[in-house]
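What follows is a single structure, written as structure tokens, with notes after it.
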């Protein structure tokens, strides 16, 4: 274990405890206001919680039980934000050299190191540019180099790709994947793709507390929280485990295969594409009466939303059914497409 | 609205233009190059420069404290710092006398140490600094608040200790505002009259700055007073124009 | 909102204007009922007098008006140079009392024959208690004594050069002020050890200032002339007022303020 954190801020209802292993990249998912940025600010030393303590590589970052608080510049923790925040009065090279210079390295030495980091993010040719001359993607690459140049023990990334063009994001995502390999990092993101491609493990925050966590693939395939299910693009049905699936709070029965002992709280997940829509009730398991709330075209399919579930159908099927908002329909899903697991 | 704006501009311009019609151009050079005029101008420039340096040395920490920290009584401190801006200068002079005069709170101990402030060039600089300081603090504090703390936070996470952040990030970021604040302070110091007259006295080469010289000349030689006024207007114009030129973004800021 | 602002502005302007007109001489209509008194003098006059005469002429005007109920006198006090300039520019006045002959000479064509009615001499003003132990004019030049005088360009400073020559002493003042009030202010606040002002200024300054007369002052006696203005509308009253000032009552009021006899 390299990072251990416990922190509480009563006013914000923020209360969590987490660990990050050496070389591990942890993704923090969660809706707006869940406390993701608060978590990063506490770790960076920019925000002091009410109580708690944190330790990184055996050094105490803070322990408020006796008022210990390491200032940001002595933590060895770099922060890469959504915006590059390059110092506007310094060139790209000077921006990247800022960390090494602050650590007391000689000017020439810091510049050599800065050039190497710029090359590593494929921005070597931008060394002489002013931040104002850089595109969003270029600036964020320089910002990545700058965050890495002090060789931080922990790298914090706050939605680093969110402000970028859709066209630029994939390149940077690939670059971050290389950069994060073997590095201890915490990545706050909204984007499930970021979590999948960059993180080893995810923690989902809701209202300041951890609502679920685990290996990225595991959490995304078997979400326990509606937010995670939404991110993973899955329908999530919750209830109590039965022999054949689960029984929901309203008495509806979900049939499917999976794990968990009978009687434990359980969740069932189904892909929207596996759902079908009928105008009449049909015989068989997993038939749910719903009302169409809205229709959303998604490339070669149409997403049909109801209050509790979504279904993806072909545009032809949607037209044939005459789907319109307010229409009562039946969603069905084959039991083979339903995964049941304990909550 | 445009009409009112134009009227406002004319209101400022008209007296200045009117003054140039009173200038005795034939004698202009002789009037402004007289020994007392040159001596007053040089004294004004010298003292204003020192006052500006003092304003920067004192004002930068004050602006930082006001913009970057919160403490009990901060509003009160800000109000007091800005007070010389609205105070009639003669009141400033009376207050300075009470502090630095020979019978003053600080003046008496200083006199025991052999330092006499009264009637010295130092008194002129003190008076100028007193009235000019708010300009620097005001413009710098505003710029610091506008710049925000995000760059400073990033610099800290990159391992920069607070002094490094101040030197390499904060101050460079607000440098244009620092420069324009310093120029405004200089201009205010150059124009200082009331506090100097009350506090420092008026002696050629020692305490008689250009505005005091103009006031004195007005008694006997109105021509010389007008000529010197024109010189002061030109010096002020050059100073302001220089800032607008050299400070990027200052055009926008001044216009706003 | 805008209209309200305008209204307030307009009101302010009106107020300011009416305030000004109230200060001008009272209309003659109010005087007519007094013309039944046996005193032959009646009507109103305007007196222009040097600023240093503010107190004494205030007293004299009151006394004159009391003696002649049909007469109203408006006064305007300012620097003699300013008053002379106003007269030249055609300002309506009946009597002009100047602080020096020079400014009276400027308006010689506009006034009758000037009469000298008072003199004034310089005196050393020191803070109460006389901390620097000044006893003579020469003491002002002693090292360490902080002396404040009027600048040579202004009237209260012009006389000093003559005195320096007579005394054989060259002053090294710490400040050359623009006005008597500035000199007095620096002495009464104890910033300066001594200042040179007119004896009447010392009398009027109050307890914070002591005066020290010195013989060399007689080398530069300042004489005050008074004259009627030829273009005046009420020359009879004007002449009566001049006679009053130069007469016994005027003499005693002026003497009590420190002015000398001409």
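First chain written, first letter: the chains are A, B and C, and each begins at residue 1.
Operating definition for what follows: a residue touches a chain if its C-beta (ideal position, glycine included) is under 8 Å from a C-beta of that chain, and two chains touch if they have at least 3 such contacts.
Keep in mind that this is a model prediction, so the values were computed, not measured.
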Innermost chain, taking as reference the mean of every protein Cα atom displayed: B
Reference chain A; chain at largest CA-centroid distance: C
For chain A paired with chain C, centre-to-centre distance based on mean C-alpha positions, whole Å: 88
Computed distance of Cα centres, chain B from chain A, in Å: 54
Computed distance of Cα centres, chain C from chain B, in Å: 37
Partner chain B, residues of chain C touching it in the complex: 81, 146, 148, 151, 153-154, 173-178, 182, 185-186, 189-192
Footprint of chain B on chain A - complex, ascending: 44-46, 71-79, 81, 85, 87-89, 98-99, 102-103, 146-147, 149-150, 156
Chain C-touching residues of chain B, taken from the complex the two chains share: 97, 101-103, 118-119, 197-198, 200-204, 206-208, 212, 215-217, 219-221
Complex contact set, residues of chain B against chain A: 150-151, 153-162, 164-165, 168-169, 172-173, 175
